[in-house]
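Next up is a structure, given as structure tokens.
A, B and C are the chain letters, set down in written order, and residue numbers restart from 1 in every chain.
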Amino acid sequence: MDAVTDRAWGVRLEDRALAPLSKTSWRYWVWIASLLVVIGWALFAYSYQLRHGLIVTGMRDRISWGMYILTFVFFIGISHAGTLLSAILRVFKARWQLSVTRMAEFITVVALMVGGLFPLIDMGRPDRILNLVWYGRWQSPLMWDVFAVLTYLCGSTIYLYLPLIPDFALCRDRLGPWAPAWKRWFFTAAAAGWTGTPRQRKALDRAMTVMMIVIIPVAVSVHTVISWIFAMTLRVPFNSTVFGAYFVAGAIFSGVAAIILLMAVLRKLMHLEEFITITQFRALGFVLGGMALVMVYFNLSEYVTSGYKMEAGVAFHFHDIMTGYLAPLFWFYIVGGLFVPVLIMALPWTRNIRGIVVAAGLVLAAMWIERYLIVVSGFRVPLMAYSARPYAPSWVEWSIFGGAAALFLLIISVFAKVFPMISVWEVMEHRGPEEVEVPAPATVTAPPRRVPVPVARSVETGSPQ
Amino acid sequence: MKTAAMTSVYRSRTVIGLLALVALAAGVVAMAPRSVAAQTAAKAPTAIGISVPADAQLGQSILLQARLVDARGTGIPGVDVQFTSPATFLNTSGDMVIADAMTDSHGLAAAQYEVRRTGKLTVKAVFAGSDRYAPAKISAPLAVSGDRQLYVQDAGVKIPGLNATSTQQTSGWPHWVLSGWPIAAVLLIVWSLYGVAVFFMSQIVGAGEQPGEGAP
Amino acid sequence: MIIDLRRCDGCQSQNKPPLCTAACIEGHFVPDPMQWIEVYEPDLHGGGSQFVPTPCQQCQNAPCTNVCPVGATFATPEGVVLIDQERCIGCRICMAACPYDRRFFNWGDPPVPPEAMAMKYMPEHQTPAIKGTVMKCDFCPDMAGAGRLPYCAQACPNHAIYYGDLEEGIATNGDQVVDVNHFLAANAAYRLKEELGTEPRVFYIPGYGQKVGRSPFKRGRLATIWPWKKVAKGSETWTR
């Protein structure tokens, strides 16, 4: 590609990345309105719950945690998307992920915000939330959750903001003279005076290196600590030492699926086909398949070791999940969530964008179901001489779950209008040297020489308008 | 007027009646509790002696001894002797069994007892009796003094530096601070690193070019 | 507590629902459907069953106390595990942690009689129950303070429940006084789920009601009822 077409590529990238910030179609407003309707209904359901108490849910004494806690675990799990992609792959200098790293970081922050609501929704006395501050006991797994999720949220926000600075600067510079004053104020403030000087580049580099390294152990400990609200109890299926690692693997697994889905959607809506290609889908698809195999390993570990011994309660648990009350959910998770994605990635004729998106969708649904299985099957095992009771979420729980999913989508949609959803400067910068044809000298004999040319950076040369 | 026939009838009735009475008496005697019969006839008298320390410390394990002998002073082997002590708890009083033991070949029964109450207690040795032997009991005083916490709630493992303070000195820090330090340390490290990143980020703000300066 | 299972027949001979549970419900205004002391009927080897009245086990290494994020569940110096329903945030991690099914949640407005609502709440006397918080058997600390046995111990017609002091080593069932160490050792007492390491303070003497004439093959006890004729306005019961 020559310098002209290369510059055109850069222009297209900028245009497509920044288009949502200036143009909004009516379809967007319809989408927002429908999300608001769902959220409104969920708010009504929650106010109904506040008035009548948790009796409006399907939870009872013998199954005292249900949809709220399992959805909490699910959302915190998805939040590992950003860490995996942004941090782990960045540490390994994987260049293909740069075009999707921004979306992944957004998923992390929004998933943490939405997921963090669920313990509050599940509380019997949310009016006493400040007791956690006045009387908090650090010895409690729930307090560990509070510390961990807050720390991770803060770290992810910093880590999201840092690579946004150059893109905010791009937006600031691209604002025409007719842009409203608040937009100019917002982007100028958010860009923090970025002009791309070497000193600034160095400072940004350092800050991102620090965050990228710190956020990995933070993310691992967050989901480990989340698993410990179950693993620190004495109930038979929960009383397992492998929970920490199992949950982290599950989190990364569901996070990758979330990225693939968001990536596919935004690629279509923002016409980013050139920048998010089969490369990204294939790479993430292989990560998905790989994590599915890791999950198979963990599930085998759990079921083989406990099944060989058949300690009291394990027989009931197995019967419950494999042949009984929860069997349809369990087998959907195993087959649809674990084996089918591996198959999709293994067979060449399904290893395309559509196939990978289908795999991701299956995985996301299956991972929610897996959390359901963990929580509900764990509580189903009778502790004393009584019969197990069934659990079915009520309309309140479904409504609030729907509202939370809608809230997640709403926040992402709003962000997509305010922030560039693809990291323009990183994609441009790391595209690498392109070959450029140099015109041949007068003599016909020498063939055209090929000379590497660094990629034009629109931020420095002034933005084409 | 009694005829000879009528006299014989009366006589036979009397005989039958006497026979019935004898049968009845025999039945009564047969049905009577053995001990009554035995007491009057077969239960041997016994005597029991007790030996306990006169006083003890709270929490001390003392030896209770009792010797059960028959009328001739020979020890009775192989029978159960219980040691009891009267006590009151929540407005209910009674003799509680604090130990029991079997007599050996010399008629001696011994058991260990950990004293758990203070005050002037009474310890009794009680033989409940058997088919052959009469019951016997005897009591002795036991003065217990002392001031010790016997029951120690001791679940878990004490790790120095974490949840066990040296018994030599009590540090001024409350317990939760002492064993909370691992979590506090981790949080401090992570948030300090966030602070470092924010510091680097702040360096961006001042280091930009002014508008009008050319790009390098 | 020491519960002599040789004397518990689930109140079959009384032809009533278990009296220990009934007395506890009446004395504490226990909301319907909670049974703070619950008489389970596990199977015995050989085909029979036994009755096991199960109060809160007042564990010395209580999982509920360990996991509470706000310290609403706590152990007193006497060793009783209480709940401060005015601090409880209703997160229910304690219910996940308790391995004995002995904690109960007020899912809605608690179905208690109206007179209970007029009493002043304190952790030693959990009346009235507070919506959105957890409650359980508390070994009746208010009764002990007044020199009386817990409601369940008083009500048992066979005097199967002993309540005592581990420091002094004395317990009573209202009829007899026993030396705890000797009583437990001489009758081979055991605790529930010993292997979990919770160190419960409730001991059981193995049996199936034989001392009150029950055959182990005579199964079934009557279902517990809550005697309130009227309940607090707006409340409704739930199934456990």
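In this text, a contact is a pair of C-beta atoms (placed from the backbone, for glycine too) under 8 Å apart; a residue touches a chain by one contact, two chains touch by 3 or more.
Predicted, not measured: the structure shown is a model, and the values here were computed from it.
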Chain occupying the most central position, where position means C-alpha average: C
Relative to chain C, chain with the most remote C-alpha centre: A
Separation of chain A from chain B, taking each centre as the mean of its C-alpha atoms, in whole Å: 61
For chain B paired with chain C, centre-to-centre distance based on mean C-alpha positions, whole Å: 22
CA centroid of chain A to CA centroid of chain C, Å: 46
Contacts with 2+ other chains: residues of chain A: 137
Residue numbers on chain C that touch chain B, as the complex places them: 60-61, 79, 144, 147-149, 163-179, 181-183, 186, 197, 199
In the complex, chain A residues that touch chain B: 137-138, 144, 147, 151, 154-155, 158, 161-162, 165, 192-200, 203-204, 206-208, 210-211, 214, 218, 460-462
For the chain B and chain A complex, residues of the former touching the latter: 176, 180, 183, 187, 190-191, 193-194, 196-198, 200-201, 203-209, 215-216
Contact footprint of chain A on chain C as seen in their complex: 34, 38, 40-43, 52, 54, 63, 66-72, 87-93, 95-101, 103-109, 131-134, 196, 198, 236, 238-240
Complex contact set, residues of chain B against chain C: 85, 87-100, 114, 116-117, 149-151, 153-156
